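In what follows, structures are represented as C-alpha cells.
Two complexes are shown next, each including chain A; its partner changes from chain B in the first to chain C in the second.
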Partner chain A sequence: MKVLVYILFLCSVHGLHDDEIGKYDWKKEFVGNADHVEFESSVSVSKYLFVASRLNALACLNSRTGEIIWRKILGEAEGKFVGIKHTKEGLLTVTSSGVARLWETNSGSLKWEAVVGATPNITITSFMMIERNYNVGNLLVATSDNGVHTMAMLSNNPRGETLTLDVATDKKISIDTTMGNIIVLEAEPTKLSATIVDGGNVESYREVVVADGWGGGVAQLIILETNQLVYLDDGSLYLVDLTLGATKATLRLDEVGINEVEKLIPINDDEVSTRGGWFVLQHEGGNVVFMEVGDAGIKITWRKTFPNLFDVQFKRLSSETFLFVTTNNGSELKTIAIDAKTGLIDETSMIRFNLNNDDGKVDKIFINMFLKRSTPLGFRLLLQCEDGSLTLVVNPNREVWRRQESLAEVVGVVMIDLPLSGAGLEFEGGGAERNVVADMFVKRIKAQSQQLLSWVQQTLKEIEAGTLFKHKTRDPLIQVEGLTRDPFSLHKMIVVVTRSGVVFGIDSLTGDIVWRHFIVGLDRSLTWKYDFYVQRTTAHFPHPPLVALLALASNQPAQPVLVTFNPITGDFNEHSATKPIKQTMILPTPDVDHLRHLLFLHQDDSLTLFPPTHGGSMTSLKLFFYDVIDGWVVGYAVNSDITIKQTWKFKIPSTHHVISMLGKNMLEKVDSVGRPLADRSVIFKYLNPNLVAMVAGSVDDAVDRANLLLIVFDGVTGKVVYTNTHKKASGPVHIVHSENWIIYSYWNTKARRTELTSIELYEGKSQHNKTTFSSFHLQANPMVMQQSYIFPTGISCMGVSHTDKAITARQILFGLKRGALFGLPRRFFDPRRPLVLEESHREEGLIQYMPEIPIPPELFVSYNLSVEMINGIYSSPAALESTSLVFVTGIDIFFTRIQPSKMFDVLKEDFDHMFISLVLIGMFVAALVARRMSQIKQLKKSWR
Partner chain B sequence: MHPTTNTPKRSRNKWSLDVNLKKGESRLELPAPPGYAREQPSIGSDDAVASDDGGTNLIDKKSWEIAVGPIKGLPMNIFIMYMAGNTISIFPIMMVGMMFFRPTQALMGIRTTMRMLENSSQYIFQTFLYFLGNCLALALAVYKCNSMGLLPTHASDWLAFAAPIQQLEYVAGGFAL
Partner chain C sequence: MWCNPIFVLLFECSYLLSFAATSQDVGSGYLLSLEHSFGDTFTKRGDIYFPNVKGENAVVQNEIALSMEEIKELEKLAINDDFYRVRVSTKVLGAAPSSEDSYVVGIMPAKQLLEANLSTKIDILTDGIGNIISIGITPSSFGIMQVEENEFDSSVTVSMPTTATVPDTYGYLNKMEMERRKKEIADKQPTSFFGKYWMYILPVVVFVMMSNAAQQQ
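Presenting the complex of A and B:
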C-alpha cells in the first residue's frame, strides 16, 4: 500500500498542464504510399478523397487542401486492403483476410463490419458490388483463393454465403448488375471456362467452356454487355457468346495493322452491364484503338497514336464516357480526355504537369472526372510518385497540394545541433587558428563587442516594433528565431531518411520540412537499408557540418550508395560507388579537420577509408559481425597497415537464429562509475564499452518449445560474459542497452503476455582499473543481477532518453501497440528491487518488487495523442542537462522533449519574474527609506 | 545677548546645567558633574585586607569553574545530541551547528580566557583543561556529524569525483550488411 502511494506520488509530477499541450511537441499524420484511391462518386467536383495505403491505413483527405479529415489504421493481422469503394451508404473496404467494413464518409465511424466467407485462412483477391434494392441490400462479391463469396450488405445484419469453386489460380470475376449475375472466368492452362452464378442465392447455374485449348491468361480477355466476351489468341480477337460458348466473330489483328497487343482495357472495371459494346486495345508504339462490337463483328471505330504513352483509363459519369490518355516523356506529364464514342479530343481540359527530377518517376495516376457547367467535363489527377509523394494536379497545370507520404516510413533519423548565429560564429571561428594570446584576446573582445552591438540593435528594433516582451516562437524556452542555435540547444535539425530513399531536413521547432533530397542513384526495385554517420558536427566552424548516408541493398549484391551532405543546408554530394560492404564503422577520433572518417569492410575482407587518408593509428579498432547464413559470429582486428585479421569467432547453435543484436553507443557518456549502497559503500558498474547484447530465438516455434537465448559478449575479444535462456518465449524482441544495463522485451508464449527482463552488470565492491578499460585486461566475469517483469500491454518499440552529461536518471521509452509513447523511470527496471522493502532499500530509492509494471496515464509522453505504429524512438540530448529531445517515427511522426528527473535546471514557466523583481526592488527601496528614517530619528534623539 | 540666564531656567528644569561662561565671568574650577563623588568609597576594605589567602582561593575557584565549564557541558551535549537523532532536518542541523560554533568560538577567544585565568595558581593546567574541554566538544560535534552521515568518509562520497574511464578499444559490428 505504501509503495502504491509512493508510486502515485512519484508519478504525479510528470504530467502535463493543459496549456503546455502543443507548445514544444508536434505531431504530423501521414497515410503512406497509396495503394487504392477513390474519389467521392458525385457528378460535380467533390471534397472527399479516400486513400487506402500499403501501411494498412485508410484515410479521407480533403481534396482541396490535402489535409486528413479522418484516418483509420488496421492491425497487421488484417492483411492488406483489397480495394475500397465509395457507395451511397458509405465507404466499403475489404481486406485480404476477408473483413468487409462500411465506414461513414464524413466522420470515419464504422457502420458495420463482417467477415466475408466463413472459412478461415482465405486470402481475398478482389471484390465488387452488385447494387440491389434496399430490402435485400447490396450484394458484395469477393473472390478468394478458394471460391466466390457473397454477402448481402443489410445495414443491420450483413450476412454472407460462400460458393467454393475448384481452385484456379488465374481467375477473373465480373458482375452483371441488370441480371444480378456473377460471371467467374477461370483460365486454366488449356481452356477458358465461364461460370455464371446467380447473385441472389449463390448457385452456379451455368458452366460453359468458352475456349478449348486456349493458353492465355485472364488479362487477355474482356467481358462486354449482353454476355459477350472478347479474348485474344494468337494474333486474333475472338468474340464469344458466353451463354452458348460459340464463337460469333473473329478479327485477325495483323490485317488491321496491329502486331503486338499490350493491353485490353474495358470501359468499366468490374461492371459488365455498363460497358456497352466497346473496349480499347492498346498496342505497340503508343497506339490506342477503340473497338466496337456489333452484329457485324469487331470493328475499329477510331485509332490514335500517342508517343510516350504512359497510361490509358476509362471514366464514366452519367451518360458520358471518356478515355483518359496520359503521356509521359520524362519531363512533362500530359493527360488528355477523349470522348469515347466520337474520338474527339477536348483540348480545353488537357492537363500538363512538369515533372521534377527530384520526385522520381510517376508510379500511379488516379483520375477524377466530374461535370462542369461551362465545359463538358473537368478532371483532376492524383499522382503517386516514386518518392512517395501524393500530388493533386488540376487543369491546366496547377499543383493544388502535395503530401510527402514517404514520411510515414522513416527508417533512419539523426538530430543535429543548429549552427551558432553570425556573431557567435565569428567568435567560435577565432578558435580555429590559435596564434598569439594577444591576438586571440583582441579577436575575442572584437567578437564580443560585435555581439553586444548586434544585441543592442536587435533590442532597439524589438522595442520599436513593440515585440520585446512577446514570445518569438511558440516554445517558451526557445527565443532565438531562424535556424540558429538557442542557448539550451533545444532547437535542432532532424534529418530523416525514408524507405523510398528521400532525405528530409525537418525543423524541430515546427515540424516543417526545411529541405528535401531525393537520392537519384538508387535502384527502386530493391529494398535498401540506410545508415547515417555524423562525420562532423556544427561545432567546428568554419568547417561545415557533414553527415554521411550509406545505402545498402538488403540481400542483394548491389553496389552500395554513399552520399554526404550538409545537414543544415541540405547540400548533397554523391560519391562513387564502392565495393559491396559487409560492415562499417565510424572512427572514434576525428582528424585535424574535425572529420570522423568511415571505415568500410568489404565482402572480400579488404578495408577502405572514407575519405581515404587518415593520420591516426587504427590498431585500437575492432569489427565483428554475425553471418545469418552459417551462424558464426566473427571478430576482426584492424592491423596498422589497414588490413584485417580474424581474431575470434563463435557459433550460434543451429537451433537458434539471432533476432536482435545491440551494442552500446560509441563514445557514450557515463556520469558515475559506481552506485552507492545504503551502507555507503560503492558497487562499481561493469562499464565495458565493447559489450554487445544478442538475443537469439529458437527455430522451433511451437508454444511450449520456443525459447530465447541471451548472449552478452565482448565485441573485442569475443568473450561471452553472460548467457541466459528464457523458456517458452519468443520474439519480437526489443533491446535497450546502455551503461551497465540491458533491458529487453519478449513474448511469453505460455502465459501469452509481453515480458521484460532487466540485467545489470557490476564489477563488485572494488574497481578493476580506475583509469582505463581494455577488454584484454584479465578480469573476472562481472556480477549479474537480473529481474523480470510483466508488461501489461503490447510493445512496438523501445528506446531510452539521452542527456548531455548523463547525470539525469534515464527514462525508458516504450512505443505501445495501442498508439502511444510511454516513458517510465529506469528505477522500475532496477533488478535490485527487493521483495520485502526495508529501510535501507528505501534510502537507496529502491521500489518494492511487483511483477506487473504499472502504466499510469500521467506517464504517457504523448499524452492524449495517438501516435500510431511506432517503429523508431530516437532521442538526442539538449544543452540543458535535465532535458532530452525525443523523435518518434511510425506512420505518424511525433517530436517532444522529456525531463526524466523533472526540469531541475530551468525555472518553471509560471514562475512570476515580475512579482519577484517587484518585491526585491520594493524591499530594497524600503530598506533605503527605513535607513534614512532611522538616521534622522537617531539624530533627532541625540539632539534632544 | 545670551537668551538664557541661570535663575529662570533652573526653575523650569532642575537638571539643566549651564556650563557656558558668561561674558566677563571666569571660573578656574568647574563644578563637579552631578553624581560624581570626589572621595573614593572603601568597599569591604576590612575583609580584603583581612584575608589575602581567601582572595586567591576565590580566584582559583572561579578560574576552575571557567576551566571545567566545557567538560561539564559535555554530558548535557551528549544527551541533547542523542535526543536530536540522526535524521537530517533543521533542528538537529542547528544543534550540530551550535555544537561546532560554541567550542570554535571559545577556542578563538582562548586568549581572553587565558587572561582571565592568569591570576590563578594552576594557570597552565586550567588553560589546558579548558582547551581540552572545547576540543572534546568539537570532537563530539564531529562524531555527531559522522553518525549523521555528513562526513565524506565512505567510498560513495568520492564517487562523483571519479574520472571517467578511458576506453582503449573501439568496436563496431552487428549483422553482416
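Presenting the complex of A and C:
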C-alpha cells in the first residue's frame, strides 16, 4: 500500500493539464496506400469515400475535403482486405482470413461480423454480393484457394455454406443476381467448363463443358446477360450459350481489322445480369471496340482510337452506362466519358490533369460517376500515385484535395535545428571565418550591436502593433515566428523519409509539410532501406546544413541511391550511383568546412569516401566495422591505406538466428560516469561506446523449447562481454541501449505475457581509465546486474528520451499495441530495486521491486489520443536540459515533448510573476524603511 | 546490415594445415587445437584441454615456444600497430574443420602481447553442448616491461551463457505473505487499555488540567 502511494505520488507530476492539450503536441492521421477505394453508391454527388489500405486500415473520407470521418484498424492476423463494397445496409468488407464485417456508413460502428467458410486456414481472394430480398438476406459469395463460400447475410444469423472446388484450375467467378446463380468458370489446360451453382443451395449445381480443346485462360472470356459467353481463341471470338454449351456464332477478328487483342472488358465487374449484351474489346494501338451480341451474332457498334491509352472502365448508374477512357502521355492525364450505346463523347465533362514529375507515376484511377441536374453526367477522378498520394480531381482540371498517404509508412526520421534569424546569422558568420583575434573581436561587437539594434526595432514594431505581450504561436515556450530557431531550440525541422521514397520536411510546431521531395531513380518494385546522415548541422553558417540520404535495396544488389539536401529549404542534389554498398559510416571528425564525410564499405570490400576529397585526417583514425553474415559476426579493421581486413569473428549457434541488434548512439552524451551508493562510495559505469547488444532467437519455436540468447559484445575487439539465455521466450524483441544499460522486451511463451529484462553494466568500485577509452585496454568483464519484470500490455516499439546534457533522468518510451505512447522513468528498470526496501535504498532513490510494471494512466505521453501501430520512436534534445522532443511514427504521426524529471528549468506558465515582483518590491521598500528607522533609533540612542 | 550471402573472406590463404584432428577424445576429455597468426596463416600454438564438453576447469597445454622468426614477425606487427590473432574450431567434438568457416577468431594488439611478456588470458564462450561461440584474448597485465621471453603463459576461462533472471513473482508473493503475517501477529498482541482508548482519555485529561489551571487562577 505504502509503495502504491509512493508510486502515485512519484508519477502525478507527469500528467498533463487539460489546457495544455494541443499546445505543443500534434497528431496527424493517415490511412496508408490505398488498395481498395469505393465511393458511396448514390445517384448524386456523394459525401463519403471509403478506402481500405495495405496497412489494414479502413477509413471513410469526406470526398469534398479529404478529411477522415472515421477510421478502423484491423490486426495483422486478419490478413489483408480483399475488397470493400458499399451497400444499402452499410460498408461490407472481407479480409483474406475470411472475416466478413458490415460497418455503419456514418459512424463506422460495427454492425456484425462473421466468418466466411467454416474451414480454417483458407485465404479468401475475392468476394461478391448477390442482392436478394429481406427475408433470406443478401448473399455473400467469396472465393478462396479452397473453393466458393457463400453466406446469407442475415444480420442476426449469418449462415454459411461452402462448395469445395478443384484448386489446380484457373477459375473465374461471376454472379447472376436475377437468377440468383453463381457461375464458376474453370479453365483447364484442354477445356473450359462452367458450373452454375444455385446461390441459395450450393449443393445444387450443374456443369457444362463450354469449349473442348481450348487452352486459353479465364482472362480471355466474358459472360454476358442471359447465359451467353464470349471467349477468344486464335484470333476469333466465339459466342456460346452457357446452358447448352453450344457455339452460337463466331467472328473472325482479322476480318474486321482487329489484331493482337489486349483485353476484353465487361460492363460490370462481377455482376452478369446488368451487363446486357455489350462488351468492349481493347486491342493494340489504343483501339477500343464496342461490341454488341444479338441474334445476328457479334457485331461492332462503334470503334475509336486513343493514343497513349492508359485505362478503360465502365460505370453504370440507373439507366446510363458510360465508358471512361483515360489517356496518359506522361505530362497530362485525360479522361473522357463515352456514352456506351451511342459512342458519343461528352466533351463538357472531360477531365484533364497535369501530371507532376514530383508525384511519380499514376498507379491507379478510381472513377466516381454521378448524375447532375443540368448536364446528364458528372464524374470525379481519384488518382493514386506512386508516391502514395491520393488526389481527387474534378472537371475540368481542378485538384480538390490531396492526401500524402505515404506518411503512414515513415521509415526514417531526423530532427534538425532551425537556423538563427538574420541578425544571428551575421553573428555566426563572423565567427565562422578565420581571422585574427582583434578582427574577430571587432566583428563580434559589431554583430552583437546589430543584434541589439534589430531586437529594439522589432520590439518597437511590436509595441506599435500592440502584439508585444500576445502569444505569437500556440506554443507558450516558442515565441519566435517562422522557421527560425527559438532560444530553447524547441522548434525543429523534422525530416522524414517514407517507404515509397518520398522525403518530407515537417514543421515541428504545427505538423505542416514545409517541403516535399520525390526521389527519382528508385525502382519502386523493390524494397528500399533508407538511412539519414547529418553531414553538417545548422550551426555552421555560412555553410548550409547538409543531410545525406542513402537508399539501399534490401534484397537485391541494386545500385544504391544517394541524395544530399538542405534540410531547411529542401534543395536536393542527386548523386551518381556508386558501387553496391554493404555498410556506411559517418566519420566522427568534420573537415575544414565542418562537413562530416561518409565512408562506404562496398560489396567488393573496397572503401570510398563521400565527398571524395578529405582533409587527410583519415590516416589518424582507427576504424572498425562488424557485419553479420550467415550466422557469423565478423569484425574488420580499416588499414591506413583505406583497405579493410578481417580481424575477429564469432559464431552465433546454428540453432539460433539474429532477431534484433542494437549498438549505442555514437554521439551519445553521458553526464556522470559513476553512481553514488548509500555507503558514500561510487560504483563506476561500464561506458564502452563500442558495445553492441544482440538478441538471437531459437530456430525451434515450440512453446517449451523456444529460447532467446542475448550476446553483448564489443564491436571493436569482438570480445563477448556478457551472454545469457531466456528459456521459454521468443520474439518480437525490442531493445533500448544507452549509457551502461540495456533494456529489452520479449514474449514469454509459457506464461503468455510480455516481459522485460533490464541489464546494467558496471566497472566496479574503481575506474579503469579516466581520460580515454579503448576497447583494447579493458581487462575484466564488467559486473552485470539484471532484473526482469512483467509488462502487462503488448509493446510494439521502444525508445528512450535524449536531453541536451544527459543530466535529466531518462525516460523509457513504449509504443503500446493498444495505440498509445507510454513513458516510464528509468528507475523503474533499475536492476537494484530491492524486494525489501530499507533506509539505505531510500537514500539512493531506489523503489521497491514489484514483478509487474505499473501502467498508471497519467504516464501516457499521448494522453487520451490513440496513436495507432507505432513502429518508430525518435527523440531529440532541445536546448532546454529538462526537455526532450519526441516524434512517433506509425500509421499516425505524433509529436510532443516530454520532461522526464519535470520542467525544472523553466517557470510554469501559470507562475505568478505579479505576486513575486510585488513581494520583491515590498521587501525592498521594507528594507529601506527598516534601515531608515534603525538609523533614527541609533541616532536617538546616541543622543540619550 | 547482415544476411549478406555474397561475401568474400579476406583470408588470402585457403589451404589448411594438415592436422589429423583438432579435437581428440583424450580419455575422458577433449583436446582443442589453439592456433595463432602473425599475418595471414595460422600455425599451432598449443591445445586447450576440456575435461568435459562444458569445458569446466579447462587448461591450456602443450604450448609451443615461439621461434626467433616468429618473435621478429610479432615485433613487426607491433610496430605496424597490427593485431595478433588466435583461433579455435567451433566444435569441441567431431572431425577436423574443413574450411575457414569453422573457426572462431579473437584478436589483441600485438604490442600488448609483447608488453605482457606473452602472458595471455583466453576467454572461450561455449553453448554447453560442444559448440564454441567465441574466443577472446587479453593480456594478463598491461605493462611496459619487456623481458626476452619466448614461451607463452596462458590461462583459459570457459563460460556458458547464464540463465537470465525471470520476474521474481515468487519472492514478491513470499514477501507479501510475510508482511501479512507480521501484521496479523501485531494485531493479535493484546494492547493495554490506555493504548486502545488513548484518544478518548487524552482530551479528558487535557480538559481536566485546563479547568484545574483556571480554578487555581
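FYI, the second predicted complex is superposed on the first by the 897 of 944 C-alpha atoms of A that agree within 3 Å, B and C clash if a C-alpha of one lies under 4 Å from a C-alpha of the other, contacts with A are read in each partner's own complex, and residues count from 1 in each chain.
In this section, a contact is a pair of C-beta atoms (placed from the backbone, for glycine too) under 8 Å apart; a residue touches a chain by one contact, two chains touch by 3 or more.
Not measured: the values here are computed from a predicted model.
By the document's definition of touching, both partners, chain B and chain C, reach A:D627. When the two structures are aligned on the shared chain, A:S107 is found in touch with neither chain B nor chain C.
In the superposed model, A:N690 lies in contact with chain B only, and not with chain C. Of the two partner chains placed around the shared chain by superposition, neither chain B nor chain C is touched by A:S41. Of the two partner chains placed around the shared chain by superposition, neither chain B nor chain C is touched by A:Q938. Judged by the touch definition given at the top, the superposed model places A:Y849 against chain C, while chain B stays out of reach.
In the superposed model, A:R680 lies in contact with chain B only, and not with chain C. Once the two complexes are laid over each other on the shared chain, residue contacts for A:Q583 go to chain B and to chain C alike.
When the two complexes are superposed on chain A, the residues of chain A that touch both chain B and chain C are 582-583, 627-628, 635, 658, 661, 776. Of all residues in chain C, those touching chain A in their complex are 1-11, 83, 85, 90, 101, 103-109, 112, 123, 125, 127, 131-136, 138-139, 142, 159, 161-169, 171-172, 175. Residues 149, 154-157, 159-160, 162-177 of chain B are the ones touching chain A in the complex.
The touching residues of chain A, counted against chain B in their complex, run 529, 552, 581-588, 599, 620-628, 635, 658, 661, 663, 666, 669-670, 672-674, 676-677, 680-682, 687, 689-690, 692, 715-716, 769-776. Here chain A touches chain C in the complex through residues 557, 582-583, 603-605, 627-630, 632, 635-637, 644-655, 658, 661, 709-711, 713, 717-720, 723-727, 755, 757, 776-779, 781, 786-790, 835-836, 849-852, going by the rule given at the top.
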